[in-house]
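Consider the two complexes below, in which subunit A is the common component and subunit B and subunit C are the respective partners.
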Partner chain A sequence: MTSSAPVLPVDLEAANAPIRKNSIAIRNLVKDYHTPTGTAHVLKGISFDVQAGEKIAILGRNGAGKSTLVKLVGGVERPTSGFIYRGMSMSWPIAFGGGFEPTMTGLDNIRFIARLYNQPIRETIERVDDFAELGKHLMSPVKSYSSGMRARLAFALTLAIDFDCFLIDEVISVGDQRFQRKSHEALFEKRKHCAMILISHDIGIIRSYCDRAVVLKAGRSKVFEDLDFAIQIYSAL
Partner chain B sequence: MIFICAGPLSPNLLFVMQLLLAMLERVHGVVDVVTANTVEELRAALQERRSHVMILMTTCPSEEISASILRNRMSILLVTQDFATLACQSMRTTGSDFVGALRDVTRQVSALSPVATSEGTARLPIAEQDTVHAVATRLMLMLGLSLDDNQLEEACIAISKDSSSTTVIDAQRQSVERAADTYQSRDILLPHEVLLIKRLEESYGALMDREHPESVEIPTEMLIRAEPPHPHLEGTIDLLGPSRILTFGPYMHLPVGRWRAELLFDIRDNHSGNEFAMDIFSNDVVLAFAKTQMPREGTFQAELNFEITRASAAFEVRTFVYVGAIEGVLTIQSLKMVALT
Partner chain C sequence: MYAMGRQTTGQKLRSKARTINALLVRELMVRFGHGNIGFMWLVGEPLILTIGVMGMWTLLYGEQKHGVKIMPVVLTGYSTLTLFRHIISRYVNCFRDNAGLLFHRSVRPVDTLIARGLLETVGVLIAFFVAYIPMRLLGYFDPIYDYSLLLSAWFLFCFGISGFGMIVACICQMSETAERFVQPMLYLAIPATGSFFMVAWLPESAQKIVLLSPLVHCNEMFRAGYFGPSVATSWNGWYVVTWALVNNAIAWTLVKRTQRHIEIS
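Right, the complex of A and B next:
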């Protein structure tokens, strides 16, 4: 039995919360994809806020819409409806390499993005080179990079720019173990004053760094102040 | 010669036992009185037997003792009373609370089912305002006893300590242990308790009328919320939370046989989908289990077939939300146990 009445958001409190100046505010975000088999309603009215310095976890099973949400929040894709208020500078999804121009070299891509974000070019190149450890490969077109190299470049470039809020989608899966340790330290220790929207299946990371959580289920969301309660729900989804 | 008095523990049963004893003593002299609900208890009593005449009282017979009684085609006298008195008697005897006493009554009544519904059983009609003499006369006729008028009068006076025209309720208050307290408790039952008793009596009462009930309505307030402090079920259940048990209980009893549990429930605001599960648990065994996707909203009925093999083992109907839920509200509307032929 279905209802013809409009479906209210799960979290009316989050949907109706006042928006603060230095925050990221997501309100009634809807994302539909048109597929050969019909419209897929991936996100159905997501609402939450991220305040300065706050770290919020996005929890949900595979296919719940987490990565879509990150792409929308990061500005990679546009929502079908709803809005996102960005009162802080926000990174693209960490390790997201989709913004690179593949025919350009790694160096040219760094220069291009540094100009775009009004960052000093030489310093940005040095920071990326130091972190990504790609050496002479920076002179090669990005299309020749392996997926790991591309992810390291993207990760290093994200960290080279002073964002107020980082979008993190399974950061730990980038690179080898040593690179993962280095990424972890750079992100969670050196930038612990920054706000973060963190997607991870690693409950340990969520518990260690997040203050609150949004649980996504079937494209709907609920914000939890009690992280343990949210993890209990997520663990049984 | 064995006279069997069966029935849930009540002032009526204890009174009839005493009256029958007084009557038989006047005819046969020494008479043994035995209370047994298991074969072991009965065997032990028989070993210590002093007389060839014996009164066997059973209030919650095991399947084995019921089968033994029925196999030997013994005459059985069924003595019962209204559920309110039975519940108050149980409270006074076992020290349990009101709900616990109701469960105990369903245990006794269910266990008595094979005996109560057998052809060889006669129910002794007994009203509180009957005279002791009237009940004694009825007993004499039903059991084919040969007492002359003097013997009958003596037996009645032995019980009523006054005269044979004393009413049953007054005689019980005088002679039957805890009867006065039981009736006092019955007089001060709260309105909602009286209502609950009435609902149970509508279902279980058939057994004491020597009929097998077609269905047993379980009041939903006999179910228990799984969240501490485990209150009795009332109102709606918010599904928000991890996968978990939602309700358990009622820890009531059913006669041996095949049954179908029919749980009527209402769902709303279940937009993100949840799984609902239900099982029947008794005697440390899951008797039946089913799991289904909860629809977004509406009223639905879950049905589970199962078999009760021991009436003395309480059954549980447990409901679960089988996945973590971020929304949804469940209301259990009714729970009915339908007897399957």
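Right, the complex of A and C next:
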């Protein structure tokens, strides 16, 4: 934030783009936080679109506003101004375990999600178990899980519901190598048709899967159709 | 299904009901789990307290006080007091406890409050009847005189207290200092609940003062439903209704504002 490089201008093209029906459209998103040291303008007008099936990368250094953007796009916090149009169903941040209740068993956590998203309970349990391979552990409280097991459960839960768009916040590296391979396959091959918003520092992943990129800097954004160019800019930030 | 733009009111209501139902079951599991008698504790917790106090009072004051059987007075009073204490202490930490759930877009902070409120409303009422029925069968208690009055008093009370609890929860969300005052206030508020006395027992000057408290009206109304005209009660239903509505009007406005400012770390 203290860098002396010029700030990004407001991306007018993205801000004024027409909104399509089956898309996610983010327009002029502004988020201020009131802190003891004064108002922090974390996001200062973010605009971009995600069309059906499209994979878009969000690139930005630490402090550029990525996690705030995730919270707004995920719907946890409300923007100070601007809006998010959700024409597709969107997942919570993939593998996010914050919604777990540690004292509840894995099964109860799955049941809760199934109820919340109106999914058949037994089928959801089967799907999650099939993927997370937790077996008997599902009957123990989540607090007794190792962090790897927790991540596997969280990942499997996100995948158990058929979202049109997945929100992925830097957590594709869950579990051991075998599980990583499995989750990559589940996400990028079996769900190739799904839209994704990918927030990652892993240039390799972004290069292999994303179509476009949004570069975030000090609360401003710019959409790049040319992925390589975006990565170049990001590396130079 | 996932808040996809335009929905009919019916769809919205159904999806709200589903969310609250899911939260309710979750709340039950979190608090009581599957172990031993599980969610029967929802009833068991308030029951232990009520029965204990009923026994103690009977030992201390004998079977009757001012010509009224003491046990039903304690049962009615303690049920409302338990509800009052439970709802407020459950609401205070509600936003913080459930912040992680907000990544599920169908869950709004207010839904978590509603789920907790419903659970207490029903749980403590069941506890009331679980204590009442055996005592009735054993002949210690007279039958409830007017169920409709008793239940309207109960639900009005729950509605009003829920509004009050929401206000307290919002204030605590804004200021951590306020949270420190909640437990002492709950304790100091006990005389204002009217749980431990009947208005008719007090001298007239004191009656005027306690009848300023809508909680006293609720308790008297609840007892009027229980005892019927054989025991003197003083309450004004409209006072209670007005109080409950005003509480909720303030509460919902505040919650709406607070919801916008909830941040998760």
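Note that in this section the second predicted complex is superposed on the first by the 226 of 237 C-alpha atoms of A that agree within 3 Å, B and C clash if a C-alpha of one lies under 4 Å from a C-alpha of the other, contacts with A are read in each partner's own complex, and residues count from 1 in each chain.
In this section, a contact is a pair of C-beta atoms (placed from the backbone, for glycine too) under 8 Å apart; a residue touches a chain by one contact, two chains touch by 3 or more.
Keep in mind the model is a prediction, meaning the values are calculated, not measured.
Overlaying the two complexes via subunit A leaves subunit B and subunit C side by side, clear of any clash.
Of the two partner chains, subunit C is the only one that A:101 touches; subunit B does not reach it. By the touch criterion defined above, A:229 lies against subunit B but remains apart from subunit C after alignment on the C-alpha atoms of chain A. Once the two structures are overlaid on chain A, subunit A sits at the apex of an angle of 140° toward subunit B and subunit C, using CA centres and rounding to a multiple of 10.
In the superposition on chain A, A:201 contacts neither subunit B nor subunit C. Taking subunit B and subunit C in turn and counting the residues of subunit A each one touches, the greater count comes from C. When the shared chain is aligned, subunit C comes close enough to touch A:78, but subunit B does not.
Applying the stated contact rule after C-alpha superposition, one finds that A:41 touches neither subunit B nor subunit C. Shared-chain residue A:191: touches no atom of subunit B or subunit C.
Nowhere in the superposition do the C-alpha atoms of subunit B and subunit C come closer than 25 Å.
Across the complex, subunit B is touched by residues 1-3, 7, 10, 44, 215, 217-222, 229, 232-237 of subunit A. Listing the residues of subunit B that touch subunit A in their complex gives 240-243, 271-273, 295-298, 323-327.
Contacts from subunit C toward subunit A in the complex involve residues 1-5, 15, 18-19, 21-22, 25-26, 29-30, 33-34, 99-107, 259-260, 262-264.
Taken together, the subunit A residues at the contact with subunit C in this complex read 33, 71, 74-78, 85-90, 92-93, 96, 98-101, 103-105, 108, 111-113, 115-118, 163.
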